[in-house]
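Labels run A, B, C and D following the written order; every chain starts at residue 1.
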Amino acid sequence: MATKVRVALLGATGVVGQRFIQLLQQHPYFEIAALTASDRSEGKRYAEAVRWLIEGDVPPEVADMTLLATDPATVLAAAPDVRAAFSALPNEIAAVAEPAFAQAGVLVFSNASYYRMAEDVPLVIPEVNAGHVDLLSRQRALRGWTGGIVCNTNCTVSGPAMTLRPLHDQFGVRRVFCVSLQAASGAGYPGVPSLDLIDNVIPYIKNEEEKLEAEARKLLGRFDGQQVVPAEFALSAHCNRVPVLDGHMVAMSVELGGPVAPEDVAQVLRNFSCPEVADLPTAPRSPIVVRDEPDRPQPRRDRMAGGGMSVVVGRVRPEPLFGSHGVKFMTLTHNTLRGAAGGSVLNAELLLRRGLLR
Amino acid sequence: MATKVRVALLGATGVVGQRFIQLLQQHPYFEIAALTASDRSEGKRYAEAVRWLIEGDVPPEVADMTLLATDPATVLAAAPDVRAAFSALPNEIAAVAEPAFAQAGVLVFSNASYYRMAEDVPLVIPEVNAGHVDLLSRQRALRGWTGGIVCNTNCTVSGPAMTLRPLHDQFGVRRVFCVSLQAASGAGYPGVPSLDLIDNVIPYIKNEEEKLEAEARKLLGRFDGQQVVPAEFALSAHCNRVPVLDGHMVAMSVELGGPVAPEDVAQVLRNFSCPEVADLPTAPRSPIVVRDEPDRPQPRRDRMAGGGMSVVVGRVRPEPLFGSHGVKFMTLTHNTLRGAAGGSVLNAELLLRRGLLR
Amino acid sequence: MATKVRVALLGATGVVGQRFIQLLQQHPYFEIAALTASDRSEGKRYAEAVRWLIEGDVPPEVADMTLLATDPATVLAAAPDVRAAFSALPNEIAAVAEPAFAQAGVLVFSNASYYRMAEDVPLVIPEVNAGHVDLLSRQRALRGWTGGIVCNTNCTVSGPAMTLRPLHDQFGVRRVFCVSLQAASGAGYPGVPSLDLIDNVIPYIKNEEEKLEAEARKLLGRFDGQQVVPAEFALSAHCNRVPVLDGHMVAMSVELGGPVAPEDVAQVLRNFSCPEVADLPTAPRSPIVVRDEPDRPQPRRDRMAGGGMSVVVGRVRPEPLFGSHGVKFMTLTHNTLRGAAGGSVLNAELLLRRGLLR
Amino acid sequence: MATKVRVALLGATGVVGQRFIQLLQQHPYFEIAALTASDRSEGKRYAEAVRWLIEGDVPPEVADMTLLATDPATVLAAAPDVRAAFSALPNEIAAVAEPAFAQAGVLVFSNASYYRMAEDVPLVIPEVNAGHVDLLSRQRALRGWTGGIVCNTNCTVSGPAMTLRPLHDQFGVRRVFCVSLQAASGAGYPGVPSLDLIDNVIPYIKNEEEKLEAEARKLLGRFDGQQVVPAEFALSAHCNRVPVLDGHMVAMSVELGGPVAPEDVAQVLRNFSCPEVADLPTAPRSPIVVRDEPDRPQPRRDRMAGGGMSVVVGRVRPEPLFGSHGVKFMTLTHNTLRGAAGGSVLNAELLLRRGLLR
C-alpha cells in the first residue's frame, strides 16, 4: 500500500473522537486529513478546543490542526483528497451530515446509531458479518451516492454478537437473556454525574435495550444479495450502568438448538476466528478470549485484551432453565474500543481490503 | 408484654452483629443480655473490641458489656434468663455453636447458612412463608431440643422470594432468570479489597448462585405438616459484586403460568401484604414498594425504603422471551437489614407472636 | 411562637434546594409558602419538575406546589405573607434576584456567594459570629431596604471557621494551612462527571481557594458597629475534589499566638459552645465533636454527626513546623447541611430569635 | 553488556512483587533466576500461587518457575549465579532475610522500610542522591558483607523528594507542608477493604507521616564520605487514603531560602535532570513533568507519565503564608512504579553502571 487513505474525523472532540485519534495515530492504512467539530469549536486548534479525557496527551500530529465545520464542502475544500470519514457525531447531527458526506463521495464509517437499522445500510462487525458490506452497492444504487454509510454497532451488543456468531453457526441460537453492567464512558462526556454513580447503580439506559435486541438480530442475519434477513432468535435485555470507567459486561443465558456441553461451547468460542479479518491491523489475534478462572472477566483487568478489541468470556457453565440446550456465561467488551472507535476502524480496514474503499 | 425477652447476640463484633445491635436498641420485645465473640475478643469490653463500621457510634447500652465466649454454658451462667439468641456467627462456628444453644434451650435465630437447607429447620421470611415455623416442633421432636434453630435467608434471595410469593400465588411461577448486582457489605468486613472493586466488577460470589437457587424453592415451598416440599419452578442465577456499599439489586425475568399484563404484575406486587406480620415492630408498612420512574430502584437512593425492610421493585415490563407469560423487573433489597439482621429480628417477632418463643 | 413564619424557597429544584425542603419539613418556626425555579420549570408541579436526588422521596407537603418565577412580585402575589426567603439560586441569578426580594421587604438567607463579601452583608455562622447580624441595620439604611440579605458561607470554610473561632479567642491564630478533600455534592447536580471522579482526584475547584481565604477572615473578623474588620491571620488553601458523595474534609495546620499542647487544643474545641445558639432547632448539641480514634473523622461515617450540623475533628497533634505554637488536625463538615442549607436555616433561626426577622 | 545479571526476586507474589516481574520482563541488564515466597506458597508454580492483580496476565517467563523459600542457601543452591536480589518482602521478614542475603554476597535492592533509616544503608532515588550509594562500601566494611542492602523510599516521599531536590539546590528549602491523597495500592493486597473506601476517605496511614518526614531529610542530606548528614529543612505531613487505585498526590507548600517567583520554580522543576541517570533503561526522559492546565495532575490521567517513573507537578503558584519565599504546588507519583518496584530497579541500574554491582 503505497500511500495512505486520507480520512476526515467528524466530531473529533468527544470521547469517541479521541479514541479515533488514538487508533489512527501511525495507522498503516489511514491518515487524518481533517477534523471537524461543532460550531462552538470550529476554527480553533484541536489541542485548544478538546478536553482530552483519555490516557496520555493530545497526539502532536493533530494538536495544531484547525477544526472545520462538519460539512462536506468545507472538508473537501480543505482536504480534497479525503475519501473516507470516521463519524463520532451525535445522533441528530449524524442524521443530516452523514448522508451529505456520502453524497459528496465520501465513505462514512459511522459510530452513530441513526442509520444502523436502515435497510440498505450495512451494520458490521467484521468477524460476525463481513459479508453484509455488499449491501453497500445496493445503498449506492438506491440513493445515488458515490460514497456511502457503513455503521458499527451499539457498544453493548458487541460482546453478545461476537459470542453468538459461532454458537449460532454451530448449534443454532433460539433465545438469549442478557443483563448488562455498563461502564460510565458509554454515556460520553460529561455523561453520568458522579452523584448518580458513587455507591450506586442506575438500572436504566435510554433506548439501550431496544438497540441491543434489534441490532443483534440484524448482525446475525443473512444477506440474501438484496437485503439482510434478521436472525430468528429472540433476545431480551436488562441494561444497567455501574461505577466502572470502561468495559461493558453482559451476563448471558442462551438456549441453543440442541443439547450441548459447556466445555464444547467454551471450545467453540475459543476457536472462533475469521481468517479474512485476522490479519487486519486493528483485529485482535483472538476475537474471543475464554478465561478459566472462576472470577473473570473483570472490566478493569480484562478490558484491554487484544488491545481492547477482543471479547473476553468467562464462567461458561450450564443454564438449567433451558435444560440440556442451555449455557450461561459472562462477556466483557471494551465499549469505546471494540464497541465504538475500534469497531469503525476495523470496518474501514475490511472495506479497503475488499476494494470497496477506493 | 410486661417484660422483654432477654436475648444473646452471638458473633457481635462483625458487620451483621453490628446491625443486630442497631435493630435491638430500644426494641419493644427484646433486650440484649449477652454478647459473644471469638477467642480473640473474649473478655474485652464491646466498645474496645469492635471496629464499628455502620452509621453513628457504638450504642451506650452495649459499649461496656463484656464479650463472652460463644458457648451456652458461659452465656447462661452470665445471663440465666436468656431465651433466644441472634446468630451472626461465621458458618463453620455456627455449625457447632447453634445446635449447642438449641440443646441448652435457647431458640436461635440464625443468619448463618449452615442449617438453612436442613430438612427440619425452618427457613423463613415472614411475609413469604410464616407457616414454615411449624417445622420447629418437628425439629424439637427429632433432635430432642427444647430450644431450636430458625434461619433467615441468604441476603440475595430476599428480593426474588418476596416478589415471587404473590406472583406464584396469583399466576404460578415457572422459570426465573436472576442476575444480581450485589453490594460490598454482603461479603462482611474486611471482605472485598478496594483493589478488586475500584473501577471494577467481580462476576462471581462463591456458592451464591447455588444458595439462591435452592433457598428460593424452599422458601416458596409448601409445608405439608411434616416437611417442606420445594416449589417446582426453576431458578437460575448469575451473581456479581459491584462497587456499592449496601443494597443488592436483582434483575429478574419470570415466566408465569399464564398470560399476564405487566400492569397487573405491578399491581399484585404493590398490593402484597401479610396481615399477620404487618404490625410487627420490624415489619415495613409495604413489604414491596413498586416505583414508576424509569430508572429506579437504585441502591443508594432506595435501600432504606421501609427502614431497609421493604423490597423495592421497578421497571416492570414484558419479557418477550416468555411470550405473553413473561414479565421482567428489577428488585432491590437492603442486604444487611432485610437480607440479614432485620430478617432475623422479624422472624423472632413472628415466633414470639405465635407463642413459639417462650 | 403562635404561627410559623411563611417563607419562599428560591431555586427549589437543585441539590441545595432539596436540602432546604428536607430541613424545613415540620420545622417549628418556618413554613414553605412558595417555591421558585427557572423558566424551564416555572408553572410545573414541584414533584414533576424536580429530579429528587437525596434520601427518600419528595415530601408530600411540597409535591403538588406549583413552581413560580423567581421574582418578588410573582411570589408575593401568590403568597403575600412571605417574610423571608431561602435562596439556593445560582450565583448570576442571585446577583439580581436577591436584592429585588430584599427591596420588596423579604429577608433573604442566601446560600449564593455573590454578596458574601459585600461590606454591608452579614456573612454568618451563628456559633462563630452571631454578632455580625447587626450589620443588617446598616445594610437596610444604606440600600433603603426593608428586607435584606444575610449570607451563609462557602461549604468548605465552615469546618475551618468553626474550629478557628475558639482557637482564635483562646490562643490567637496567626497562620493556617488548609488542604481540602471535597465531596462531589459540593459541585451541585449534574456537577462533576463520573469520568472525572472514578479512580481519580481533581486537584482544583474554581475560585474555591480564594473564597476560603477571604471568607475565613471575614467570619472571624470583628464588627465594630459600622463594619467588619477582617481577622488578621493568614490562611492558604489547596482545594481538591475526591470521590465522596457528601462531607468536606480539611487538613489544617495552625500557628497559634503562643505555645500550646495538642490536648489543650482538643479540649478547647470540645468545650466550644455558643449559648445563644445552642437551643435553636437546627443547632447541634455539640458544634464541634472531637474524636480520639486515630483514623477519624471519615466522611461517610461521621458526616451526619449532630444531624449534619456538627463539625467533626480528629487527629489533633503537634505541628512541628510552627514549633511549640503549632497544632494540626483534620476537620469534617457536611457540605450541603452545615455548609449550605442547614447553615442558612440556622441563620434564619438566629435572626428570628434576635427579633430581626419580623 | 554481554550477559545479563541474574537476580532473585524475594516476595514475588504480592502487588509489588508483581510490579517487579512486570518491569524485569525483557530488561536489558537483569534476568530473573529465582522467585521466593512465604511458606504457604513455597514449592508451587508461580502462576498457581499468585493472585495476579495488575494489567495483563502472568508473564510466561515466570509462570512455571517454582517458588523457593526466602533463604539465601536455598536460592543460591537453585541459582548459584545470582548476584542481586529485589526485595518486596514484608517488613518483619525483610528484617531477617535481607541481611542474610547480603551476608551471602547478594546485593539486595529493598523496597521494605526496615533498613531505610539505618546509618550505613543508602536510601536512594537516583535523580536525588545518587552519591549516597558510596555508603555501601562503609556498610560492607562495618558489617563484613560482600553483598549489601540498598533501599528505595517510602512510596509517598518520592514526589516531595524529587521536587525538593532542585529547589533545595537552587533556592534552599526551609519548611515544607505536605498533605497526601494516597492510592489504595499503597496498602498492598488485600489492603484496604472496600467498605472503608467506597464514598469515603481514611485520614490516617500508620507510621506514614513519620516515614515521610524522616526519609525526606535523609534523601536530601549530604554524604560526607562517612555518613549522611540529614538536610536541615523541616517537613510535616498529613497522610490520607482516597478511593484511587494507583498514584499518590501530595499537596505541598514550601518555604524557600529567598524570594522566588512561581514561574521560576516551575522552570527549575521542568529543567531538573540528572545526566548520570538519564539514559538508564528505567529512567524517564523527564524526571519531573510540569503541567500548565489548572486541574492537573490527576492520578488516573497522569500516573503513567514517563512510564510511571516521572513525577508530575501542577498548580505551581505563590504560597502567601511564606510571603515572597513561598510556593505551593501539587505532585503526583505512581506509587508502585516510581514509588516502589521501579525505584528499586532504577537503583540497581545505577549501581551496575557505577560498578558496585558485580
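Keep in mind that, in the parts below, a contact is a pair of C-beta atoms (placed from the backbone, for glycine too) under 8 Å apart; a residue touches a chain by one contact, two chains touch by 3 or more.
As the structure is a computational prediction, the values presented were derived from the model and not from experiment.
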| remark: Separation of chain B from chain D in touching-chain steps, minimised, is 1
| field | Longest centre-to-centre distance from chain B, chain (CA-based) | value | D
| said: I'd like the Å distance between the centres of chain A and chain D, where a centre is the mean of that chain's Cα atoms. | reply: 41
| query | Distance-wise, how many Å sit between the C-alpha centres of chain A and chain C, to the nearest whole number? | reply | 47
| said: Averaging over Cα atoms per chain, report the distance between chain A and chain B in Å. | reply: 43
| message | Give the residues of chain A touching no fewer than two other chains, as numbers and ranges. | response | 53, 196, 198-199, 243-245, 300-301
| message | Which residues of chain C touch chain D once you look at their complex with the stated criterion? | response | 175-177, 179, 181, 196, 198-204, 206, 234-236, 238, 240, 242-245, 249, 251, 253, 294-301, 314-315, 319-321, 328, 330
| message | Taking the touch rule as given, give the residues of chain C at its contact with chain A in the complex, in rising order. | response | 15, 53, 184-185, 189-199, 243-245
| task | Mind listing the chain B positions that touch chain C in their complex? | result | 53, 55-56, 198-199, 245, 300-301, 304
